[in-house]
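Take a look at the structures below.
Each of the next two complexes has chain A plus one more chain, namely chain B in the first and chain C in the second.
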Partner chain A sequence: MGSKIPRTARLAVIVTMTAALGLAAACGGGAATEPAKNQASGDPASPVTVKFWSWVPNIQKAVDAFNASHPGIKVDLETITAGPDGGYAKMLAGVKAGNAPDVAQVGYDSLPSFLVNGALEDITQYAGDKASTFVDWQWQTGVFGGKVYAIPQASGPMGLYYRKDLFDKWGIEAPKTWDDFAAAAATIRKKDKDAYISTFAANQAPWLISLAQQAGQGWFSTENDAWKVTIDNPDTRRVAEYWQKMLDGKLVKTEADMSNAWYRDLQTGSIVGWIGGSWGDAIIRGNAPKTSGKWAVAPIPQWPGADKFTSASWAGGSSSAVLKGTKHAAEATTFAVWLNSAPESVNILLSAGYGWPSIKDTSQIANLQKDDTVFPFYGGQNIWDVFKEADAAVDSDWRWPPVSDALYASITDNAKAAVQGEGTLVDAFAKTQQAMVEQLKAKGLNVTTGG
Partner chain B sequence: MVRRIRPATVVVMALLGAAAVYFLLPVVWVLVAATKSSADLFGTFGLWSPEPQLGTNLGRLFGTGDGLFGRWIVNSFLYAGIGALAATLLSAGAGYAMAKYPFRGREALFNLVLAGVLVPSTVLALPTYLIFSEVGITGTFWSVLLPGIVSPFGVYLARIHATAAIPDALLESARLDGAGEYRIFFGIAMKIMSPALVTIFLFQFIGVWNNYFLPLVMLSDQRLYPVTLGLAQWNSQTFRDPAFYELTVTGAAVSALLLVLTMASLQRFWRAGLTAGSVKG
Partner chain C sequence: MAGVLQRETPKAGAEAVGHARPRHPRRSRSHVAVFVAPFFVVFALFFLAPIGYAVYQSFFKLTSSGLGLTEPTLDFAGLDNYTAALTSPAFLGSIGRVLLFSLIEVPVMVVCALTLALLLDSARARFRAFFRVSFFLPYGVPGVIASLLWGFLYVPQTSPLVDALALVGLPHDFLGPGTILLAIANISTWQFAGYNMLVLIAGLQAIPQELYEAARVDGATEIRIAWHVKIPLVRAPLVLITVFTLIGTLQLFVEPLVLKPLTTAISSDYTPNLAAYNQAFAQSNIHLASAEATLIAIMSFVISFGFLRLVNRKGKRAW
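Right, the complex of A and B next:
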């Protein structure tokens, strides 16, 4: 953001402006620019600079590969803190001040709030024909009212990680249905007094939400210009009742996942299973390296009577969104599409642990066919086959609300209270529904409920 | 000589001892954790490291990203050190002026400053960002340094201290002896106010060092990050790559140690200042 004002003059201005602080609070508001009409490939003699904000480890390698193969566009990566840790606040401030990056890492669950804040650029004219490249449900997360705003990057389809050596020793098969899962949980409690099949992670909103997502009916939808909230629905209630029974029977632990205690339990075999996203493989491998070769992955257990295999995705996933105010929407889109669909880039991102690719055709992705660091940890199993099937079985009608932060906070508060015995999990979801209705109303949106 | 120990003393000592353990345990934990691998971090007892690998961890800490961590530490010292020094000087001047020179609107101005004490700096980060981006200095070293030189609390403390500690008669006699106002301020007032000034410096130093949100919104270039922001960024990568746990924990230990050392060496001035004040008072 090169300014031509000399530094001393800038300082003088700063001092005056700081004095006027408060009066000037409303001064941002970057002008929306007409998208450039030039060729998206750019001119190699004077390359267009595209600024990109992300927090995915090692994404620089993919950016370097793009710059090497696209002489007309130069992408500048700036590594920022993860969105929920302040990255999103930074992006929104940047949009307001008119110096946001052209492309930014935005989670599927946060795209609606970015849209409501007017922070996304309509890139339909550059990316509209790319829909067929990507898995449909992932593509749809960046589409609002028929317009494209973001290119999907990766998801976290759910599977059941379990200690195959211990399951074999205890004579338990990988559970196919949730009833099997409950039965297996009971057997494990009998075979080893220290072992549990998993924890009930009341701290982990995305996890709780994905369990509900897998059960069927969604939580949010739009209907005639109003948000419809249906958290307290029959399918979600079934999930709540199921886990309440597991809690009452002391068949699951209640510690937080991704906590010190949980990592220790993974190492010692006190927790022998985890329903987690595809990227969770790195978490288990990195934190319990001594259990190598003993794990396996099974598809997420199914509800009895389901007519087809259904999975869910942990907090949806993550996209490359083109932010409002960019002067290079065409080039930004070219980069976002390449980053998330070129086999070369997807291979790099996959080894950085970014999640499950958003592209339909993964036959060109070498690491998904054979991965010498991952597969041996799971006794030679190609665990990616499980997650490929899972990603294809995610409901494409699921919608995130423009208040995901509040949803996460509310659901963990209520679920934690239920675990501690204040009411039941069914109450927890009903309370969350109420809280969301109030949140949306407070944003000045029309709200209806259902269930 | 046998001294009788009173029961009250025992109770007080026990309570203070418990408090000391309570506050020191986390520090010990961090130091021990800094010598562990990511797997040991969660798999072993918190206050004992079965396979210490401090050298490896430190090597990785300072080696990752071309010595990024070293830069962050230097940045933190620059932001906090220069910022606190400038804030102390400004506060001393403003506080002294408000205490010793009657002028119209003095109380209104002071009340305004008092109100400033009540506004958390986090609230001001976004408006400051918008203003700075108009001027074009967001993303630069200045964007974090400049807000750090303002300390309403410092002005408040300096004024209170100057009112109480500097006798008007002293200033009168200095003027009679022919000293100029600047000489009186730098040569006499600043010396008398030194305990307050050291306090202001320490508070502001810690405040800038710990400020997270301001550099978060201002900076995008990792090489300009202060250590708090850098560690937070590493920590958010542990979700995908657990090896970052080692880096984050070791980094936290090193930065905490450096801060403790800095404070310990500055405390010397504080004590000297306090006695100087009490003798004259």
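Right, the complex of A and C next:
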């Protein structure tokens, strides 16, 4: 027993020393400014450890696959709470305290907040040539001022899930335009006194935002040295007026989506449709399993007079960001790129239900061609065709503000008030614009408005 | 009379100790220090230090410039965060809301707890132990679980209660803007009335039986005994549970947080605590959150000590 402890201690010292040497070697490699650092793969004899924080279920499988195929880099996954529920606060605190992970799961909508908090590492020199691998609008979410800070992982392009069996029974076609959608909503109310086409989810900021995103004009942009806030714009007002009419006519429910009440309504057929993200298929399948085979997915309804098909993405999507203070930016980038573009990894993540892949070429992704758990639920339809088209039709000019948490809180509070009858939805968006201008100013940022 | 005598003894004892103190050798003080030190160390580390740090944080703010592409700076902000909190209609609204909530909840709670305690303490009560445990049981349910449980009973799609009320034509919207505060009051009363009842029962059991006998000899009914003997003698525990309930209602947090996803009537700054939580964890503004938390603490402090002053005036010291 006596000799065992010293031996372990000795081993620990050796391990620490080799790790330190490896670290020095990695730094040395970086200083040499060889083009080879693009493909940083580390030294298998003394692997570099990359810390990774994520909340995506089953992402460990992808991490294991990376570790198995990259002996020079060892990725350590720590599962954290989802970003908006405290994960981001933890990351930002980690950056401040100097113990942040090298790579972290950060939503597209939160990347600007991270940037303003000085929490992102510039990885242009390692990832600059990867742009062509990814869908353009998704790639652009991690690029600020021409510099790359994050590798896109997945998005949530929107589609219309609907109960095809009931639509057929009532003689309703899948709505192609928003006018069709309103007409279908009215017909459904007449055909079944308990059924609604959908709920108006005032609780769901990303949903409200995606409806506005699809309508056209964006909410945030940069102009010279200032943020330009244009929430209260003609396109968004059109969306607000449309849904206000739906609310006034009692054509939609007003309960929260993804709540117990909503799940129950999906099960009983009291709610027969949902404009949701591509990952929503798992939510419907998981919560209303007995309705299997009865659903179908149609493209999101279009605004009359639109010159081309447009969709939107639920809260943008999610990326792997390299955080400030990392000592292994090259290795971290290698991992982030592999995780989000290697077919093996994308397949794993897709089956974990993480969203729509960010890579352009999805022909190697087996689950997108044929999926025996998903397609039968939708009567054999290849629903991924709908979402592939939708993802390609997301506006690449949409920008998130550096205060998206405040935006979410403000828009849900205001939309909830409108549903309660305090003002209209048009007022709700105008009030949200006012709140965002104040938020940005309070941070000391330059702000202008438009509409 | 024995009980009355007992009540006097602590005061006499304290005086005796007070007189005796100077005669104790100095060495005993170091003994005292050794025994109380662990408490003060932990108290300072986990209570005073975090509070001090929060107050300190509340005087700073992060400032960016231009587009914010450069790292923000941490600047001394003086009372800016306090001004921001106190001029924010949402935060002021949340304070107004909990004050209204206190106004409803405190009397309801005290009356409920007192009624239950008096019923269990009355001479005719049966199965006391069983009812005492049953009334106390909800206190053992964690607040989050209690809120989830009632949440299911409030949501029309999952609630047998709503169906039943609708059937007999009674109002059944628990989650509307006008009723949500009452729905929350119901949860906290359900949860804490049993606990407060126990506090009162302990007080009632300390009342000497002789007083009841004397009252009965004078021809008093159970109700008159309750009103003229029991209630005046549990004044101290009554004040105690009132203060507990006041503090609890001013710091309302768990119930609205859990019910928030179920209703459009609860906003992200529905109560002051929820507003501070939202600033700290959703909007990453720990400086404003610290200022709001400090204001909540000051408010609870002023109101509960104000109440104690009020009831303790004219030398009628409750506790």
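Everything below uses one rule, namely that the second predicted complex is superposed on the first by the 412 of 451 C-alpha atoms of A that agree within 3 Å, B and C clash if a C-alpha of one lies under 4 Å from a C-alpha of the other, contacts with A are read in each partner's own complex, and residues count from 1 in each chain.
To be clear about the criterion, a residue touches a chain if its C-beta (ideal position, glycine included) is under 8 Å from a C-beta of that chain, and two chains touch if they have at least 3 such contacts.
On a predicted model such as this, the values are computed, not experimentally measured, just so you know.
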Which partner chains sit in contact with A:G86 here, chain B, chain C, both or neither? Use first/second/both/neither. both
Which of chain B and chain C A:I197 touches, first, second, both or neither: neither
By the touch definition at the top of the document, which applies to A:V63: first (chain B), second (chain C), both, or neither? neither
Of the two partner chains, chain B (first) and chain C (second), which one does A:N260 touch, if any: first, second, both, or neither? both
Output check: A:D225 vs chain B and chain C. Expected answer is one of first, second, both, neither. What do you get? second
Is A:N287 in contact with chain B, with chain C, with both, or with neither (first, second, both, neither)? first
Once the structures are superposed on A, label A:G353 by its partner contacts, choosing first (chain B), second (chain C), both or neither. first
Across the two complexes, find the residues of chain A that touch chain B and also touch chain C. 85-86, 89, 260, 264
Considering the complex alone, what residue numbers of chain A touch chain C? 84-86, 88-89, 92, 113, 115-118, 144-145, 202-203, 222, 225-227, 254-256, 259-261, 264-265, 270, 402-403, 405-406, 408-409, 412-413, 416-417, 419-420, 442-446
Counting only contacts in the complex, chain A reaches chain B at residues 1-3, 5, 10-11, 13-14, 17-18, 20-22, 24-25, 27-28, 53, 55-57, 78-82, 85-86, 89-90, 93, 96-99, 101, 258, 260, 263-264, 267-268, 279, 282-283, 285-290, 352-354
Sites on chain B touched by chain A in the complex: 38-39, 41-43, 124, 126-139, 142, 146, 150, 212-213, 216-217, 220-222, 229, 232-233, 235-237, 239-244
As the complex stands, chain C meets chain A at residues 62-72, 84, 90, 151-152, 155-158, 177, 261-265, 267-269, 278, 280-284
